[in-house]
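Here the structure is laid out as structure tokens; the discussion comes afterwards.
Note that the chains take the letters A, B, C, D, E, F, G and H in the order they are written out, and that residue 1 is the start of every chain.
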Amino acid sequence: MLKGTSACAGCSSSLSLRYVLKGAGPDTVLVIPASCSSVIQGIYPNTALNIPVYNIAFAAAAACASGMSNAFRAVGKKTNVIVYAGDGGTLDIGIQSMSGAFERGTDFLYICYDNEEYGNTGMQRSGSTPLGARTTTTPAGKTDEKKDIDAIITAHDPPYLATACSAYPQDLFKKVKKALAIRGPAFIHILVPCPSGWRFPPEKTIEIGRLAVKSGMWILYEREYGRLAISSPSKAAMKNPIPLENYLAPQGRFAGISPKALDILKQRITQKIQRLTEEEKGIC
Amino acid sequence: MLMVATGNRAVAEAVREAKPVVIAAYPITPQTGIVEQIAEYVSHGVLLSRYIPVESEHSAMAACIGASATGARTFTATSSQGLLYMHEMTNWAAGARLPVVMANVNRALGPGWNIWAEHTDAIQERDTGWLQVYTGTVQEAYDTTLMAFCIAEHNDVLLPVMVNLDGFLLSHDMQPLETVDCGDFIPPLHLPHAIDPQNPIAYGPLTGPDQYYKFRWDIERSMRDSVNVIGQTQAEFARRFGRKYGFTDDYRCDDADAVVVSLGTLGKEAEVAIDALRSEGIKAGSMRVRWLRPFPKLDLAGREVVVIDRDYSFGFGGVLAHEIKAKNHIDVCSVIAGLGGQEVTYDDIAGFIKNRRIGEESWFGVTPGV
Amino acid sequence: MSGRARLALSKPTTGAAGRTGSWRVFRPVIDTEKCNQCGLCQMYCPDAAIDEELNVDLNFCKGCGICANECPKKAIEMVREET
Amino acid sequence: MFEVRIHSRGGEGGVTAARLLAIAAIRDGKYASACPFYGAERRGAPVVSFVRIDDRPVRVYSQIRTPDLVVVLDASLVGVVDVLSGLKAGGTILINSAHTREFAGYRTCSVDLTGIALRENLIMAGSPILDTSVLGALARIGIISQNSAKKAITEVFTDERNVRAADAAYREVVI
Amino acid sequence: MLMVATGNRAVAEAVREAKPVVIAAYPITPQTGIVEQIAEYVSHGVLLSRYIPVESEHSAMAACIGASATGARTFTATSSQGLLYMHEMTNWAAGARLPVVMANVNRALGPGWNIWAEHTDAIQERDTGWLQVYTGTVQEAYDTTLMAFCIAEHNDVLLPVMVNLDGFLLSHDMQPLETVDCGDFIPPLHLPHAIDPQNPIAYGPLTGPDQYYKFRWDIERSMRDSVNVIGQTQAEFARRFGRKYGFTDDYRCDDADAVVVSLGTLGKEAEVAIDALRSEGIKAGSMRVRWLRPFPKLDLAGREVVVIDRDYSFGFGGVLAHEIKAKNHIDVCSVIAGLGGQEVTYDDIAGFIKNRRIGEESWFGVTPGV
Amino acid sequence: MLKGTSACAGCSSSLSLRYVLKGAGPDTVLVIPASCSSVIQGIYPNTALNIPVYNIAFAAAAACASGMSNAFRAVGKKTNVIVYAGDGGTLDIGIQSMSGAFERGTDFLYICYDNEEYGNTGMQRSGSTPLGARTTTTPAGKTDEKKDIDAIITAHDPPYLATACSAYPQDLFKKVKKALAIRGPAFIHILVPCPSGWRFPPEKTIEIGRLAVKSGMWILYEREYGRLAISSPSKAAMKNPIPLENYLAPQGRFAGISPKALDILKQRITQKIQRLTEEEKGIC
Amino acid sequence: MSGRARLALSKPTTGAAGRTGSWRVFRPVIDTEKCNQCGLCQMYCPDAAIDEELNVDLNFCKGCGICANECPKKAIEMVREET
Amino acid sequence: MFEVRIHSRGGEGGVTAARLLAIAAIRDGKYASACPFYGAERRGAPVVSFVRIDDRPVRVYSQIRTPDLVVVLDASLVGVVDVLSGLKAGGTILINSAHTREFAGYRTCSVDLTGIALRENLIMAGSPILDTSVLGALARIGIISQNSAKKAITEVFTDERNVRAADAAYREVVI
């Protein structure tokens, strides 16, 4: 990725993209649906990305990548086909094409960078917005819970699925490499704290990501051919998570969150830690 | 080889001959036969394409776009609701300048559900930058599908082509079909802007107000250039395979006082009406419009024109009738007939011609105010 | 790729969105005394504005302050730009 | 132009019968078109198909109103639909029936296609298949040549039993 | 109350006044302001609607359809790709005869991505059975949205209405806005075919070829009847609130030798051009078309007509220009300008009028053949 | 449901619909996307269903029902809003609107009747078609596995989810009643053997459904507020499933299934039985 | 619902798809001797063609044979219809 | 018609400043329109807004090419964009700057809005907010009345500090 993008200062989606590109290497095509990334890449006639990028309609990324992957494979090309889509383009409007591409066993890597909002249109609620978070369409805090896209993808039984976070770029880098080494559909879900939408000062971007992991609100793991492995930053965090409030407090979007919502968020963390811990044990 | 085939089968046969690299399609009545036949070919290894059984038409077109962007030949087929559902992506394919070929089996739009012939589905796509051709026989559906690949992929065009056939009437009608060995009739596709993994380019990025319109103009420029390409392709097809096609299919028009203009099978049925009228001494002719986009020059000067629209633009009128009015600076008698598979016989068409009132619109079967 | 442009195709360019360094209100200044070369600032800079030798490309540094915030040695200070 | 209307139920092969008839006519050197009229019916519902045979290409897509020949593949349809509707005076009606039938004013032919299918064990998803055998009867009536009837069947089906069934129908049709 | 508001805000204010029962919408630039403002009203209890934060525009329209079918007032808003994505459902809403009101913020279509003003998005919906109105000022966007509910829900109409405003140019322009207390101006909705759980009816089932066209005709019949309803509603609005609206907004047309016809903000900008031309002694006028569906009678006889299209039908031409040609039996000078937010100033428009060549088409900024 | 529908003879989707209507009672609206059910209900001007039925586009059922439910609730009506959709309308083209409606906690019942194919268009592959099954678009047998929609919905954590089968109409009836008694989104997934598409004689419809359950290929259960309960017909079957071949053999669509596909199917059954058994134990 | 029909609205009608009994090739005949009134045939009939009193409505019975197949007493025989 | 162009960066409040100016003009009994020119830029990128003030309704939507007044909310834009572009001869330029500036041929006014914002602690997401204070300066220059400037601010913001900031700017602007 070249310097001088139109991403907000402190944007961790750009940071992630840097490491995705690093991990992917040269023989790669990126498919990008409508999202912050369609803007971050630059305006015609210039782009900040130095691999081919195919821009596509919001709902269509996985299907487009399906066609592309099949066309490359048909002529014997191994080119990596990577979707780099936001949470809206994955969990909401894009879920149909994504689900279909996974069902058909498409040979591609689908990356969802999750800023828990529609960033590009100015921070509206998405299916990925957590309970209690304020967005411009949930000015009093979201009343529905975050959609569990990882469980949804897991239900499609892909050979590789991982979570990552922009605050741990090396971990992300390794996961991208691993995902691309595997044949068939792979999925990486990256939490990317967004200073503009989450309302925290841009210099806190990494810190917030770390707090997400340390509080257990975000857990880093991979599931390879169904086998779960908790990634090291989360190993410690899961044993002894910091108080969730430490993660929420610096973020304007959680200001005034109701005790009830807070409680549910905490419960979910406990449940998720338990579930993943058991799953990891259960199979090893 | 002479066989008996449905319109759907004919399209599938042509696709087999054209050998797309990727086919992505979703079933819908009455197009299903195309998809099923192709799946059969692929599964038997008769056709070496990759067939992607997508989960919707939006995805079908998206997959064709992704494949086509790599420079691969692509094909899809749909109808009615499916065409509407992929509307965002048909626009995209044209804007991305990808020579996707699509068969559309014309069918009416819900609600109420109606699976029979109507052109409104394709008509609603007429602004998108797709070339559109309407066919009237099984043979023509076959021949035109072959030519569609040549035209779409021609360097002067590089726009998607939609081949239309009337639902059931043509898609399920079984007629003699002479298939060809297409040889090098369809040259290999060389997409100038194909994705090259070694060449970092961002396709279709944000384009500002002072640049965007230039690319729109280039679509129109290619549309205009496509007129020549279509003419050449049709001539070359005639040279190789002996069957002649024009922008329109004119029947006994030369000395006609009245000409009926229509799309699809109605235009073939009209020929029978013309014969009947001629035998009554009425000098009538039929002009079946094949290419609706680019809109052709129609030789209608000095005749009274009856246009049958199997489509409608509500609050406006029959689309074909009005496009002819606008382009030919004439007034016409506009008949709206055949919506949702409404039966229109050659006798009915003869009646339209006989009872024509230039400047008026009538809905077949409807008494206004009732 | 020769011939006329049929659709918008962008080529890689440094500064695709202009000299984004001009967005900055505060500028990172590295105190080479304090710095231990750990590279974390470089690793975390979303705009790749710090290179391996720890030079900040002020043409493109947006002044987000992540480098300063993440520096374990507190070796980076954010200094208000002159206007 | 010779116009044929075929009455059957979804799943009984009326559409295929029409197709085979068109192929046979073409193999006889004629032009033909076959066109099922589709409702959205499921298996079992009454359906109707049309075949036109002519010396020049057929250009008509509308339904046949005044057939020269009506074929009834399922006798239970008589009474349910007006199978004689529009049949030209002196026209022919061919009916699948175990016993001979009479339709006043028309030339009536009958043949037990169901019986033939059961004999040859031509059954699909519980229904007897009648689309190939009927060609034999049509050949006998003189709509197509027996040779072309066979050709049509073998172009479409590999199973020998179909030809045998057509032969049987050729023999057994009561004119 | 006199405030300063954007076009988006104006629409949201009107919706607040109209009090739909259900609002389902999906954000898209440059419409987002509408959705956000409504979410704000709902969350503050200022508006008691149910706001459904759907996951796509296809679902937005589907949710409006489901709600409207119960007899509830509904509203949605979209733009560009969003409008394309819901295309299947816009057709459905009209066919189901549901008076959904939608604001569409006109924006160009990708690829390349372009978020600026263009009318092609709405123009591609002109056949669907939706009434379409294009607005030119913030006040008009407000007033028209209010009237849209009256018109859509009128028993003689029962068709959805799309209120268009130019992306950014109008959606984000801040202008004085006089809001009203709408009182009983919008009567309660009584949908004759509202779902009644006690009354078993199947809505929109399979409809055969001999029935289907009758329902299509009823749409057109209602379109024609809507002309009166629009007239009455605009008159009643003027009576109550003092602001007059017509099918078109005519500016100094009465004695004009040349008239420029356009949609949306171009038509306001054109007024400034007209003033300039008039001061040069050129008798020009501007006719801004508000209602595109039903297509209005335009009084253009005896004038030279310049039509500016901020849209295009590829392989055919500017849509407004050709619809005027077809309906008015005249030839026009067709100018394609403003695509993708291309800047068009009053000076440019004055130039279009001065340099008009009847019978020709030109693309602003494009030299053909280059 | 009135007599005289255009369903194929022996159609178990109609049978299911009979029991759904019985379970739902009078104050109910059915939302039906494009599917066999759009035809089965009858052609204008007649319908075989004696409650209001709203026909809607293929991809749009759940969103339409969302709007309907919200409109009813807004005016204080408790009317049951039930989607009756096929597998294609649920797992494939309909998954976006379904997922969204579940995320938003819509108060409705979504029923997917699963004939494992696009029945209405003549037996094409759907995401629900099992591995190895022949359809008109997978003439050599499907090469992808059946999408696990129950796991996908479970990931949305609805208050009620159940599986059912037309061969057990009383069980279905009870589940419909229970689902409607619960506030929020409920999901029932009914396996409906389709004689025309699965290629078995119509009189075997019930038998085939029973074999599906007895072989463990289909497991009947409910999950109420996250608590799993195996339904009685499956309790026995899970302990001692009959050989899968007994289920497959009578069906033309599985004729000539590859040993590899058969093997995977069997594995999946074992895994699923194990997973559900553990889940049931784990929480009780 | 008065006034003109604006869209296709269907009303409940027995035989919405016609007298579907005519589709039948085989007819179920219940042997009341063997029958034990268990009601399974009624329960399983997809077309609701058997009522509580175990009368088969031959106007609508499509002859699928499920009732016969499921009858635990083998009390139902499928008999070929006359043609 | 009086035409104003405002230069700022995304997030600094240029659009709101334009809006407030239009409100104030309307409260002065005039007509006005304010129109940001939107790119798809994110926070931090240069943006430009336009305000037109007139005695009759404004009907122009195209950009202002020859402004009467240019407002520069972010002095760092000065070499980055041509802030003087088209400014009418003798026109005014108001710039947010801690020290006075000179633009030859124009009436130059400067005011340290950033300083005022930092003093009043008007900071959002790390950026100082300038949109309210600038109204004070504009009032002082005479584009709007001081009264209407205050009205506009209080119509939109409840926070007292905004009015204080505007007052400060009114006092401190160097003309």
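Note that contacts are C-beta pairs under 8 Å (C-beta built on N, C-alpha and C of every residue); 3 or more make two chains touch, one makes a residue touch a chain.
All values reported here derive from a predicted model rather than from experimental measurement.
Trainee: Identify the chains in contact with subunit F as well as subunit G, in label order.
Mentor: B, D, E
Trainee: If we define chain centres by averaging CA atoms, which chain lands farthest from subunit A? Would you check?
Mentor: Most distant chain from subunit A: D.
Trainee: Centre to centre, by mean C-alpha position, how many angstrom separate subunit F and subunit H?
Mentor: Centres of subunit F and subunit H (C-alpha means) sit 62 Å apart.
Trainee: Using the average of all C-alpha atoms in each chain as its centre, how far is it in Å between subunit C and subunit D?
Mentor: 80
Trainee: Averaging only over C-alpha atoms, locate the centres of subunit A and subunit B and give their separation in whole Å.
Mentor: Averaging C-alpha atoms per chain gives centres 42 Å apart.
Trainee: Measuring centre to centre with CA averages, how many angstrom lie between subunit A and subunit F?
Mentor: 31
Trainee: For subunit D, write out the residues touching at least two other chains, lowest number first.
Mentor: Those would be 39-41, 44-45, 126.
Trainee: For subunit E, what residues touch not just one other chain but two or more?
Mentor: Correct list: 29, 53, 55-56, 58, 81, 85, 88, 92, 95-96, 110-113, 115-116, 199-208, 211-212, 214-215, 343.
Trainee: Could you list the positions in subunit F whose residues touch two or more of the other chains?
Mentor: Residues 6-7, 9, 11, 38-39, 41-45, 47, 49-50, 55-57, 59, 91-93, 95-96, 99-100, 103-104, 127, 195, 201-203.
Trainee: Go through the chains and record each pair that touches.
Mentor: Listed in label order, the chain pairs in contact are A-B, A-C, A-E, A-F, A-H, B-C, B-D, B-E, B-F, B-G, C-E, C-H, D-F, D-G, E-F, E-G, E-H, F-G.
Trainee: Considering the complex alone, what residue numbers of subunit E touch subunit H?
Mentor: That would be residues 2-4, 29-30, 113, 115-116, 137, 166, 168-170, 172-176, 265-266, 268-269, 271-272, 343-346 of subunit E.
Trainee: Within the complex, which stretch of subunit G touches subunit E?
Mentor: 1-12
Trainee: What residues on subunit A touch subunit H, complex-wise?
Mentor: 6-9, 11, 36, 39-40, 43, 195-196, 199, 201-203
Trainee: Can you name the residues of subunit H that touch subunit A in the complex?
Mentor: Checking each residue of subunit H against subunit A gives 39-45, 125-126.
Trainee: Residue numbers of subunit B touching subunit F in their complex, please.
Mentor: Residues of subunit B touching subunit F: 26-29, 32, 35-36, 39-40, 43-44, 53, 55-56, 81, 85, 110-113.
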